[in-house]
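Below: a set of structures, written as structure tokens.
Here come two complexes built around chain A, the first alongside chain B, the second alongside chain C.
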Partner chain A sequence: MSGFWLILQKDLHAEFRKPESVISMVFFGFLLLVILNLAIPLGSEISSETGAGILWVAITFSSILGLNRTMSQEKENRCMDGLLLSPVSIEEFFAAKMVVNVVLMLLAECSIVPLFFILYGDSFFQSLPMLVLVVLLANIGFAAIGTLFSAITAGTSRNEALLPLLFYPLVIPLISITVKVTSMIFQGAVIKDYSSWLYVMLAYGCIFTGLGFLLLGHVVRE
Partner chain B sequence: MSIKKDQIVVIVAALLFCSAIYTVFVYAPTERVMGPIQKIFYFHLSSALVAFLSFFTAFVSGVLFLIRKDLKWDVVGVASVEIGLVFTTLVLITGVLWGRPVWNTWWTWDPRLTTSLILWFIYASYFILRSSVERQDKRAVFCAVLAIVGFVDVPIVFLSARLWRTIHPVVIRAGSIDMAPAMITTLLVSLGTFTLLWALLLYHRTRTLTMAGRVKNLEKRLDGGIL
Partner chain C sequence: MSCFLTVKNLFKEYEGCRALRGVNFGLEKGDFLSLFGPNGAGKSTLLGIVSTLVSPSSGQIEIKGFDLTEEPEQFKKQLGVISHNSLLYDHMTALENLIFYASLYKVKAPENRAVELLRVVELYPRRHSRVGQFSRGMRQRLSVARALVNDPALLLLDEPYSGLDQYAAAILTEQLAELKSKERTVIMVTHNLDHGLNSATKVGILSAGCLVFMEERDSVDPALFEVEYLRHVQGAVRA
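Coming up: the complex of A and B.
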């Protein structure tokens, strides 16, 4: 397991030295929260569905900045070749990168979610504990697909512009489930009503984490 | 297959297609409620089946490529995604044309409609990915991965599409089991025809792509020799 910890430490260290990813994610998320405000009629209370949609558009669109960075930074100075030569297995490498992505997204969400409550009313605030669970489950799915596909786009000529085009069609189901569950939480629904969808979210994360473990080796060896 | 045999198969497919059109328009009875517009259903469902077959083939060839690393499977993969995308587009277009008079709207966020639209996006991005990688073997690996992940996503897309909007539109099950026997026959004829058409397209597309690859390699070698 030491390879896993080494890569995790290296990436988080680099991020804490110069928090490029997290700052751009938070900034972009904040920006989106403000821009999406344009869609709401002036002076009206937003519905729980609109609120959930706005929150998750801000989170998913800002997360792409972090996802892009995790793999493309390994391209600089051909760090990827060094990593492949090192005795770290591909599985450890994938797990480490995925955890890094989850951590970066969590850090960004720690600012985006409170900003959302400030801008769009704290009537949703009582739903925070369940929202944390939903955020965690969604992050696993996003990070699994994002890690695999940022490895792919890092290997292409178009690089970072390509990831959103590949990433969003694949995560639309997860986004739609997440938005739905979040809006139910905002409405104050009991857990029994949406627990089956939480399992689907968990299953989504597991399936694509498994696929990532299986497929990342093929991608990065190219 | 020799050229002659190829031609025979093409002629058979063309004849079969004519007979499919005949059964749809002449043999099949006109639906009582929806009227003649319901006849779009036969080709709509057949296109959907063919699109699904294509994506399944792309998935299988993606897996085979990653195991065997034989570029042959990459070519089969591209050919089937191309065909699948064309037929998904056809499904969407025929669906929209059918929905307008019957549901009185071009588009509703019905699970099946949403699913096909998202599928269209996933497999359209396949070609964007393809066009942005130069090296052949690398491109093949990336595309195989996308074909696999995309196909695994299909059931989840369908499941989540049920959640898409809370207000479910009246889902009209046009092809419910209590179809007239003549309608079932017609449906089977068009399904068969489309499947043959699909196999034919896949075979020819794979062949042309293989040849195009060979020509490209020859050109490269020729360039190297002259310069």
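Coming up: the complex of A and C.
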């Protein structure tokens, strides 16, 4: 079994044994959706733009909890050194951590998105198939940036405060594109209207995945 | 004849501070080097560079002809490291930790190897306990097992006796003696003269980033060596 699969299996096993990350992500996402729902008058419908914004506020803010957790477990007892000492390549390590982050975010979104439909109207529900694609592309971008920066901040004493400061400025372009595409999907636009944005999202994910492969080795070694 | 481990002209600078200033030495297969030195002499930096965790500013390291910078993957397969930290996952059991590390090194039948090592460090009855529940001594014993999981040709030990109770220290000494008999090469950084001199075939003193003393153990008088070592420790304190 390759180093990639071993690290992936270890992390997912740890998460399924004690699902701290997913539970905290889901809980935080729920909390945001409920609080934002209180601001909307009873019986009134929200616009597709507002709906998209609310959904991505919940997803983006909850995702940071998972991103922090996946790298922090390598910090305990300096387990990261154990991985760096082994013949596993830094690319395998980065890819495994990134996939773990994508999986955790998907698991949390499996609860957050249905709650969004319940609270904000089932009129958005018809857009679910295309929303799944957008969520996947956004997750790749979030996970690529989050994995790289959680590795950088894992070596610092205040990593939980530092990660959001580095993460959010870099994902703002991705969030704005994602919100735009999601609102177009909620409006019932056809795919050719927003396909170019989907390519931009894919490119964003690919660029930061590439940067992660290139930079992580320099980041984690003294 | 080329050495098993060659360290050539090794320099390391941290933001203007020189931790290592041109360290040179070679070790043959089966050599056991005990490295002494005052705090801040660069001992842990040297081990960090040999273990690939720290990048050197300049210099070259070869193990069995594999260059550290050119073939890091081949280089790492030959290494085992025991450091101040256990490098073990608290949420995993002792057995899971060893199987995980054995699998990373592509050891054949990783479960059998893990069980074998757990018996050696006398933790087999606690194999299904999580490492988070272990005492400091038990963690250190498991850390010894982790470092041996790939049957390394070169073992690096950074203060391995620190925090160990007598029982755990005896197991470690036994393991080091076995490694010596199996002709494994060992570099041990320690402040404990008794442990260091008893196990070593070579002794060295690193002071202010320079290897100021390097001799065969047999040619060294322990009393005179202690004087020499204390001279460097006191010199470092005055500086």
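Following the convention adopted for this analysis, the second predicted complex is superposed on the first by the 216 of 222 C-alpha atoms of A that agree within 3 Å, B and C clash if a C-alpha of one lies under 4 Å from a C-alpha of the other, contacts with A are read in each partner's own complex, and residues count from 1 in each chain.
Basically, a contact is a pair of C-beta atoms (placed from the backbone, for glycine too) under 8 Å apart; a residue touches a chain by one contact, two chains touch by 3 or more.
Since we're looking at a predicted model, the values are computed, not measured.
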Which partner chains sit in contact with A:Lys18 here, chain B, chain C, both or neither? Use first/second/both/neither.
second
Between chain B and chain C, whom does A:Gln73 touch in the aligned arrangement: first, second, both, or neither?
second
Touch test for A:Lys10: chain B only (first), chain C only (second), both, or neither?
second
Under the stated touch criterion, which partner chain does A:Ser86 make contact with: chain B (first), chain C (second), both, or neither?
second
When the two structures are laid over each other on chain A, which of chain B and chain C touches more residues of chain A?
B
Of the partners chain B and chain C, which touch A:Leu162 in the superposed model: first, second, both, neither?
first
Taking the stated contact definition, name every residue in chain A that is touched by chain B in one complex and by chain C in the other, in rising order.
222
So, in the complex, the side of chain C touching chain A is made of residues 48, 51-55, 73, 76-77, 79, 81, 83, 85-92, 100-101, 103-106, 146
Listed in rising order, chain A residues that touch chain C in their complex are 1, 3, 6, 10, 14, 17-18, 73, 76-79, 81-89, 221-222
With touch defined as at the start, can you tell me which chain B residues reach chain A in the complex?
66, 118, 121-122, 124-125, 128-129, 132-135, 137-138, 141-142, 144-146, 148-150, 152-153, 156-157, 159-161, 163-164, 166
Residue positions on chain A within touch of chain B in the complex are 49, 145, 148, 152, 155-158, 162, 165-166, 168-170, 172-174, 176-177, 180, 197, 200, 204, 207-208, 211, 215, 218-219, 222
